[in-house]
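There are structures below to look over.
Paired with chain B in one complex and with chain C in the other, chain A is shared by the two complexes that follow.
So, the complex of A and B:
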């Protein structure tokens, strides 16, 4: 059962890496700024999942503090970009 | 038993997060992309967090994970709503949807409130 658990952690990490790669494609491609900001938002959530997986596999609970801070402040950047998009549209 | 539940939650959470990324890549316009990305990504990460809460020992870690779930549950709709409201513009092309006549939110109005 423990080997199965380690294998499941490995498989979940691989799947999250594929998800991050697909999100990077949208980040590079996105036709407008808002698409790129949405991709960055999803990327933060995927990295939160990766750090949770790392917490499971190492047993170190220090990573949980970093995950908590990342979950707390990662949306502030998105809101700042939203304000920036509104101001750019007003100026043009 | 606990390990089996953890394995299924891990795989389900990772696959739902992958689904969110595929939706972000494949959908035709910004609003449906954000519809895919914000909701299913938060569900996938919450499943991963529940799996982590089953594996770690100690009460403090479980409390931290509950806080993480709460923050993700709060932040995902807030950022999606702010971004979608900012992206609506006159003449903005959206799939199968009419562009609004005038901007629903302007800089002066938003700085007043």
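So, the complex of A and C:
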């Protein structure tokens, strides 16, 4: 039973790593600013998943607080970028 | 300023109090666990920043009921007072003095110092954000 859990954690971590890699490609290439902003938002979610996996594998409950705070905070940056994009569009 | 979208308006009105309460929780557990004045202040500033992204700096100042620049001074004076308490008692500056209060638990000058840092960080972060928004 424990081995199954460890294997599932390993597989999930690999899947998240692949997702983060693909998102980084979009972040670097992204033809427009909006694509890059969406990639950054997605990266925050992927990192939240990684931290949760780390919490499961180490049993440290401290990371759970960080996950909660990051989930509550991370979208504010996206809203700020969205406002910046709207401002730029109105100016031009 | 243009009217913000309805979703953002509703989210800001609910999310900002939640973030302020979480920041207070982080502040008060900070002595023995991860947390403390600086992180709590940043969290509260994040919530107030969300509010000011939605409703604008003027409405945020009305929401806070105090000028954020004034908060910097109040926080610095609170931290200084926490340091002076030990000094006035003949101990070195910034010595921690603890007392046991019924119902609340252990409180002391380190908590007062943390509250000072908390207020200073809120004031500094929110006033910087407002300076950016009004520019």
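Annotations
In the analysis below, the second predicted complex is superposed on the first by the 92 of 92 C-alpha atoms of A that agree within 3 Å, B and C clash if a C-alpha of one lies under 4 Å from a C-alpha of the other, contacts with A are read in each partner's own complex, and residues count from 1 in each chain.
FYI, contacts are C-beta pairs under 8 Å (C-beta built on N, C-alpha and C of every residue); 3 or more make two chains touch, one makes a residue touch a chain.
A quick note: this is a predicted structure, and the numbers were derived from the prediction, not measured.
In the superposition on chain A, A:65 makes contact with both chain B and chain C. Once the two complexes are overlaid on the shared chain, A:79 sits against chain B and chain C alike. Of the two partners chain B and chain C, it is B that touches the larger number of chain A residues. In the overlay built on the shared chain, the residue A:89 is in contact with chain B alone; chain C does not reach it. In the superposition on chain A, contact of A:32 is made with chain B only, not with chain C.
The residues of chain A shared by its contacts with chain B and with chain C are 65, 68, 72, 79, 83. Residues 62, 65-66, 68-69, 72-73, 76, 79-80, 83 of chain A are the ones that touch chain C when the two sit in their complex. Interface of chain B with chain A (complex): residues 3-4, 6-7, 10-11, 13-15, 17-18, 20-22, 24-25, 30, 33-34, 37-38, 41-42, 44-45, 48-49, 51-52, 55-56, 58, 60-61, 64-65, 67-68, 71-72, 75-76, 78-80, 82-83, 85-87, 89, 103, 105-108, 110. Against chain A, the residues of chain C that register as touching in their complex are 8, 15, 18-19, 22, 26, 33-35, 43, 46, 49-50, 53. Interface residues of chain A facing chain B in the complex, by the touch rule stated above, are 1-2, 4-5, 8-9, 11-13, 15-16, 18-20, 22-23, 25-26, 32, 34-35, 37-39, 41-42, 45-46, 48-49, 52-53, 55-56, 59, 61, 64-65, 67-68, 71-72, 74-75, 78-79, 81-83, 85-87, 89-90.
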